[in-house]
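Structures follow.
Two complexes, one shared chain (chain A), two partners (chain B, chain C).
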Partner chain A sequence: MDLTGGPFWFLMGVVFVVVASGFHVFARDRGWVVTWWKALLAVVWYAILSTSFFAWGTLIGENEASAGLKLFLIGLFISIVFGVALIRLMARPAR
Partner chain B sequence: MNQPKSDRIFALGALILIAVVWIVSAARTQGDLMPVVRATIPKADHITKQDGDLYAAWAEPDEADLLARIAIGSADGYGGPLRMAVAVDPAGVVIGVVIADDKETPAWMGRVLDSGLLKSLIGKSYGDSLILGDDVDGVTGATYTARAMAQATAAGGRDAAAAFGHPVEEPGPPTIVFGPPEIVLILLFAIGFVGHQSRFPYTKQLRWLSMITGLIVIGFLYNSPVTIAYITKLVLGYWPAWQTNLYWYFLIGGILFVFTVDNKNPYCQWCCPFGAAQDCMGAIGGAKTRTPVRFQRLLIWLQRILTLAAILLGVWFRNPGVASYELFGTLFEVLGSSVQFAALGLVLIAALFIKRPWCNYLCPIRPVTDLIRLIRQMVKERWQQATQRTPAA
Partner chain C sequence: MAPGTMEGHMNDKKTAVSRRNFLKIAGLTGAGVQAGALIGAGVAAGKDSESYTGWESFNPGTQFFDRGPFEFDGPAHLPVGPVQRPSHITDYVFGRVATFERAFEANPDWTLEDPIEDLGLVPELVEFYTRFPERLEWDYRTFSETIPANREDTEKYENYYKLAEIYSHGFTAHGRALPSPTDPPEVSDYQMGHEPYTEPIGDAVPFKNPELAAEFFKELAHRYGATLVGITKTNPNWLYSEGWRGCPRDFDYSEMPEHWEYAIVIGVPMEWDVILASPQFSTSYDGYDRVSTVAVRLEGALKYAGYPARAHTPMTGYDLIVPPHAVEAGLGEVGRTGFCITPEAGGNCRMAIVTTSLPLATDRPIDFGVAEFCAKCKLCAESCPSGAMSKADSPDGMVIRGYEHWYVNNGACYNYWRESMGPMGCRQCVAVCPYSRKDNWLHEIARQVDPRDPTGVASSSLLWMQKNLFPYPDADEYRRPPVGRFASFREPPEFLVSERYLAVNIVKPKEG
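Now for the complex of A and B:
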């Protein structure tokens, strides 16, 4: 069975649903009001983080592990900065 | 503000220590240049030393066939004098160049060497001006080092050609370099001066304007922030030609001038690009000053000792580049080792939560500005004591 094809993306879909549900509960517990654009930004953040991992894995497969690690670290850095900004934005009371 | 007595004792002790290390390191004899000279022309049978920094390379043991003359040319690099051994054949063509001595930061030097600049100098005539961007390709991000190499080669080439009897024209004084970085720097100091006025209502906005401009221009465009290497260079007495280094004289002179007149730091909080980068991160993460009160003095002292150690190392090895441990080039030129990139990542992530972690705990410029402030106050006190003792006329 080719794990890099359909099953992989099926698994990614499952993970996304779990993460999104978790985020929903997390936001409700904290009393955040998640508007549609805040949710969109959260999806963008998740996409950046996931892509960093995907790029790393892809480049390892291409025998470019070092370049993959660098790209992953850059993506991780952007995700951390963006994530911190996003949390502060989420915690802001809605007008 | 009165500084504690310990600060004054430390400052005095540090200055004495730097002076002692300076004298001891200056007394060390210079290394033998012969291996470097030999490397310029490996096919030579043997090399003889002639006058001063001039050598002759012979093809045979009987010294009947003169292959080349080799001269040591010198020019101002980023970290201090850079010397090149230049071999010139009887026709006045450069046939070999080797770096004899340099004070450059290793990362910049590596960039220049990787660019193939040395190879491109081979085959040039002694009469060529060897100006970057003209008859020699420049090296992005290492302009000072590349320019010094080209100029030192031109100087060595002229000396060697003159020894062959070629007519050599001595170059005139260097052209004054005054352009966008100098203009922006003067404007930033002017903005800082206006912003420091207590009655000015838009200090915060003006400070951000100044910081962002500094980040873009001093940081990303020109990568020319104040570094400990530059301060060590001045301590060592490597004062570069003012015509080509107006920017640095404006920067150091401007800081000293504003401190003397106003007792305000016009650089760190107003136009330091690395400080601006941390401020931007802090604005994203809502950074706060988080120094525990009981560790405050300890952290200040650690920063001072780190700075003193860096300066002493630079002075001892008479190489300002050795002293440099800042991460400026790593951020603004994306150039550095894995450790430097890891440290940069840590500093920037920490800056999301802690206000200016680099400036507050690691930057060597803060202890230097503290020292300037301390000396200013001591001079002022002496001056006041002297005028009080003098009876009014």
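Now for the complex of A and C:
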């Protein structure tokens, strides 16, 4: 059975909808005005973070765990820097 | 609760708040689940048997790289000086060292201080060693020092590598059973089967056009087990100058047989987990055997269709050199290592050729950035235990038999073959090459982005990651103790670990 086939990615899509809904509520509670381009940036940020996890796992599967961890940490660093900038951007009132 | 009352309103608000919190918690949990699931999915993708290019369940899908955008009008090789055909006696390392070995056995007291003429070598080899004295030094060292030392090492550590030897010998046994031509091309290539069961090939089955003929035989090659297939015209400059199989010494080697006009080049990779355990645990014979088998099958099919054919393979012998033909056939580019680097399997590609007279549509060579990448990478040269490969920034001025390409000292290379443990050979340059990677999404990004990036930023970034994220033992660590520790690039796969399976005394090099 292919664990990473179509059904897996469908489930990932469903979970992503839940994550996006949670973020939507979170943003409204904080008073953020999430315009379409801010939402797009948030998706990009989430994709970078998710890809870092996926890459880490892939390299573990290839018996290159230490390289995977280093690559993940690079991805995490980028995500943190980008994430902080994103939070500040989100908190700025819309013009 | 009556709606509209104060109490009812409060409860409505409570429910609303808890729903909001629930969504936030669910979102956060979902993100955590996704992170975990993506790691799990990544592990599955990294281990996926379908990522083992050339070892998947179905071969026709293995040539997956779209070469179209990178094709150019050949030839990819242009002579820069007088062209000389390669020689089995001198250039071909196994031919040369076999001759040297016989001469050295007859004159065991000969040293490098003595005149080369005293060894009783054929004039061509004397002339070659005079032109390339470093090859003489390495060949002498191989037989005077390295092989005797290797006998001692084998006695000590043999059991540690026993399973790798057993694995390799299965391929050797089959590969050596494959038929090789026993008569000159004008006879052997026109007979189906080999002595003593031969019959002449029949009338040629006409194909509608060369394009369809090429399409059909490429499909056959894939279905016979080839991972990669390309077609080019055979270049007479790349035929050996003597010693074609089945030919007597006085055979006229000056002209290429007319029926060798087309060269079908095929390639298969060696098993990925094993090749990464180079030099000590890997074997060339899996690739040799598989590609030779495909070529012999293809030769048989061509002959049955009524066309003369001859397979040139690692297990049955070559009458021509393969890498430049593979480059012209669009399978890849020649790299610093001297072999053809392919987009799908990198340097992990063993190749063979079937020559035939059947008119076939030829492929065009490709440029997907290997030359530029090799110029700055140098990982193969830096990891080479014998220092056989040039570390120069460019192959400019390195002219070999009329063509400019990176210099590889095959005497030094062969010397380490005889120093290493496990199955014969090294393959370290194959294992460390950043192009030699499996087929999963991560490497596919690199494979597709790098050749399309004209700035070179992608290749520099990938190279930085390759050198800084992945561990690389020093070249000396692959050497015998006490200089090294008989290291391998990566740990062997579990099925080659002798301690797990064998009830014998095992001495590890690092302990011995």
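Quick note on the criterion: the second predicted complex is superposed on the first by the 95 of 95 C-alpha atoms of A that agree within 3 Å, B and C clash if a C-alpha of one lies under 4 Å from a C-alpha of the other, contacts with A are read in each partner's own complex, and residues count from 1 in each chain.
Here, a residue touches a chain if its C-beta (ideal position, glycine included) is under 8 Å from a C-beta of that chain, and two chains touch if they have at least 3 such contacts.
Since this is a predicted model, take the numbers as computed values, not measurements.
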Superposition on chain A - do chain B and chain C clash or fit = fit
By residue count, is chain A touched more by chain B or by chain C?
-> C
Between chain B (first) and chain C (second), which, if any, makes contact with A:Ile60: first, second, both or neither?
-> second
Give one of first, second, both or neither to describe whether A:Phe77 is in contact with chain B, with chain C, with both, or with none.
-> first
Here the angle between the directions from the C-alpha centre of chain A to those of chain B and chain C, rounded in steps of 10 degrees, is 70
In the overlay, answer first, second, both or neither for which of chain B and chain C A:Ala85 touches.
-> first
First (chain B), second (chain C), both or neither touched by A:Asp29 = second
Regarding the shared-chain residue A:Trp45, is it in contact with chain B (first), chain C (second), both, or neither?
-> neither
Shortest CA-CA distance between chain B and chain C [superposed frame, angstrom] = 7
Residues of chain B touching chain A in the complex | 281, 284-286, 341, 345, 348-349, 352-353
Interfacial residue positions of chain A with respect to chain C in the complex = 3-4, 8, 11-12, 15-16, 18-26, 29, 46, 49-50, 53-64, 66-67, 70-71
Residue numbers on chain A that touch chain B, as the complex places them | 73, 77, 80-81, 84-85, 88
Interface with chain A, chain C side, in the complex: residues 20, 23-28, 30-31, 33-35, 37-48, 273, 276, 438, 440-442, 465, 468-471, 490-491
